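Structures follow.
In the two assemblies presented below, subunit A is common to both, partnered first by subunit B and then by subunit C.
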Partner chain A sequence: MARMKFLCDSERCIECNGCVTACKNEHEVPWGVNRRRVVTVNDGVPGEKSISVSCMHCSDAPCMAVCPTDCFYKTDEGVVLHNKDACIGCGYCFFACPFGAPQFPNGPAAFGARGKMDKCTFCAGGPEENGSKEEFEKYGRNRISEGKLPACAEMCSTKALLAGDATVVSDIFRDRALRRGKAGDAAWGWTTAYGKPEQAQERTQERTREQKQEGGK
Partner chain B sequence: MQDQQPKNLKRRGFLLAAGVGSAGAVALVASRVGKDAAKPLTTVSAEEKTGSYAETPHISNYYRTARV
Partner chain C sequence: MKNAAFLLLTAAFALGLSACGEYSQVANYKPGSYQGKSDTRPWEAGQFAGNKQAWEAALANRAQSQNEYKRTH
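Moving on, here comes the complex of A and B:
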């Protein structure tokens, strides 16, 4: 069984906020709620790093542990989802989450007036029937059931934000890290993010050979 | 003592009307709430929920482009 994960490659993220926009557009997220956002560390300093953050679909999710109505559940693929019908908007999950993923449509408000919690669903909808109107209104589009991956990752222009089967995603990132061959604060820029030009040429040639072999089969 | 007996009791009818009216309003609201509560939930169980992750050509293409 595949396990779904997000991974953001800070060397490639250019802080374009395309992922944020894609998410808001795909799910028609209400004004004031951001299921995903881009965080920049050392903003303005040479070597600054940006990463795109949303629900990380934790293996041992603290939001699930603190929810008094037990509205969270985890799918077979490790996606942490919640049932808005059971949510009472208490905000415990917001305080428990280290990533600030849970969002409330009414913002900070006293006496439980926050509204139902909203968060990234890994584009996997909710407990309602797949693709139903109710599911879309509460949780947004269910792209996983359509055979697609989260819109944020598919939209990422530099492929900094990776999503999908954790094994494949980690393989992709490992390949990138090996190509870069160096680490540390001094390692940044085009070569670090995409490898040296000769390496890119080698990869292109390898890929062409593979495609020819596949075509010959 | 007989002079202290109220001669006109009609004005107390207001209290009766108010009581009946409020009971009717409560019954009306309760019946509507009951209808909403009786609506079947559209949630489906985990066993019934289909359409989980599968590596479709669309997803394979995404993985391929991410390797560039």
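Moving on, here comes the complex of A and C:
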């Protein structure tokens, strides 16, 4: 088994926040903690792009490197998990993470008052017995041990968010990118729905013809 | 005097450079194990009861359902 990864296809993400809701519901994540969120670049501007972001389960995770209590570990599948019993809520991992994945139940409080760090577990639970009550309360549901993929990716309506073995996920994405050929509007957006550039050109030609005819009258 | 200053500068320069030595700052992790509380592996308990192959097959199957081209054709 290779490394588990998330991949978000920005051409498909419609910013519905279904992944965020699925995650919150699946793990009963407390108010104020967002293991996953949707980030939109150029929000409101035509051509805006959204991607769903959470812990990316880095191959060389900076959170693991900075943790003073060494509470992080990596599973055989490449999922970065942590032991909440050892976490002191110092917040170093939050500052080290380039994705803002580590979350704290008490928000931006003073050192030591933030509470134990919470983050995406790739729906793989934590260092407790698989499927146990303790595991659910501390880390959320363990879908991986049930042979399922993370809830966010499985719930994604446009399948923008892919999760699983890195090679499988990248194969799916490659297949998709080859089929759609182009990026941007040409892939799924305006031109696909309302006509291709050549059709638009024909329409302009028709319009100029009509205008000429009207001018001749 | 000049020689001493030169030597001192060279020594300071060498000392300064020695601070640039790069070494791995990441703790040595063995996949699946660390100093803390141990974790059961996904296939070890529950419905797969130690059958790793069955677990891998279930996950691979599930991953393919994300590819709608395979689902529809």
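To be clear about the criterion, the second predicted complex is superposed on the first by the 182 of 217 C-alpha atoms of A that agree within 3 Å, B and C clash if a C-alpha of one lies under 4 Å from a C-alpha of the other, contacts with A are read in each partner's own complex, and residues count from 1 in each chain.
The definition used in the following text is that a contact is a pair of C-beta atoms (placed from the backbone, for glycine too) under 8 Å apart; a residue touches a chain by one contact, two chains touch by 3 or more.
Quick caveat: nothing in here was measured; it's all calculated off a predicted structure.
Taken together in the superposed arrangement on subunit A, subunit B and subunit C clash. Looking at the shared chain after the overlay, A:103 reaches neither subunit B nor subunit C.
Look at A:71: by the touch rule set out above, it reaches subunit C but stays clear of subunit B.
Residue contacts after overlaying the shared chain place A:121 against neither subunit B nor subunit C.
Contact with subunit B, but none with subunit C, is seen for A:134 once the two complexes are overlaid on the shared chain. The partner that reaches more residues of subunit A, of the two candidates subunit B and subunit C, is C. In the superposed model, A:83 makes contact with both subunit B and subunit C. In the superposed model, A:175 lies in contact with both subunit B and subunit C. In the superposition on chain A, A:54 makes contact with neither subunit B nor subunit C. Shared interface residues of subunit A, touching subunit B in one complex and subunit C in the other, are 73, 75-77, 83, 85, 126-130, 142, 144-149, 153-154, 159, 162, 164-165, 168, 172, 175.
Listing the residues of subunit C that touch subunit A in their complex gives 25-27, 29, 31-48, 54-56, 58-60, 62-64, 66-69.
Interface residues of subunit A, counted against subunit B in their complex, comprise 2, 4, 73, 75-77, 83, 85, 126-130, 132, 134, 142, 144-149, 153-154, 159, 162, 164-165, 168, 172, 175, 203. Those residues of subunit B that touch subunit A in the complex are listed here as 41-44, 46, 49-56, 58-59, 62-63, 65-68. Of all residues in subunit A, those touching subunit C in their complex are 1, 60, 64-65, 70-78, 81, 83, 85-86, 124-131, 142, 144-149, 153-154, 159, 162-165, 168-169, 172, 175-176, 179.
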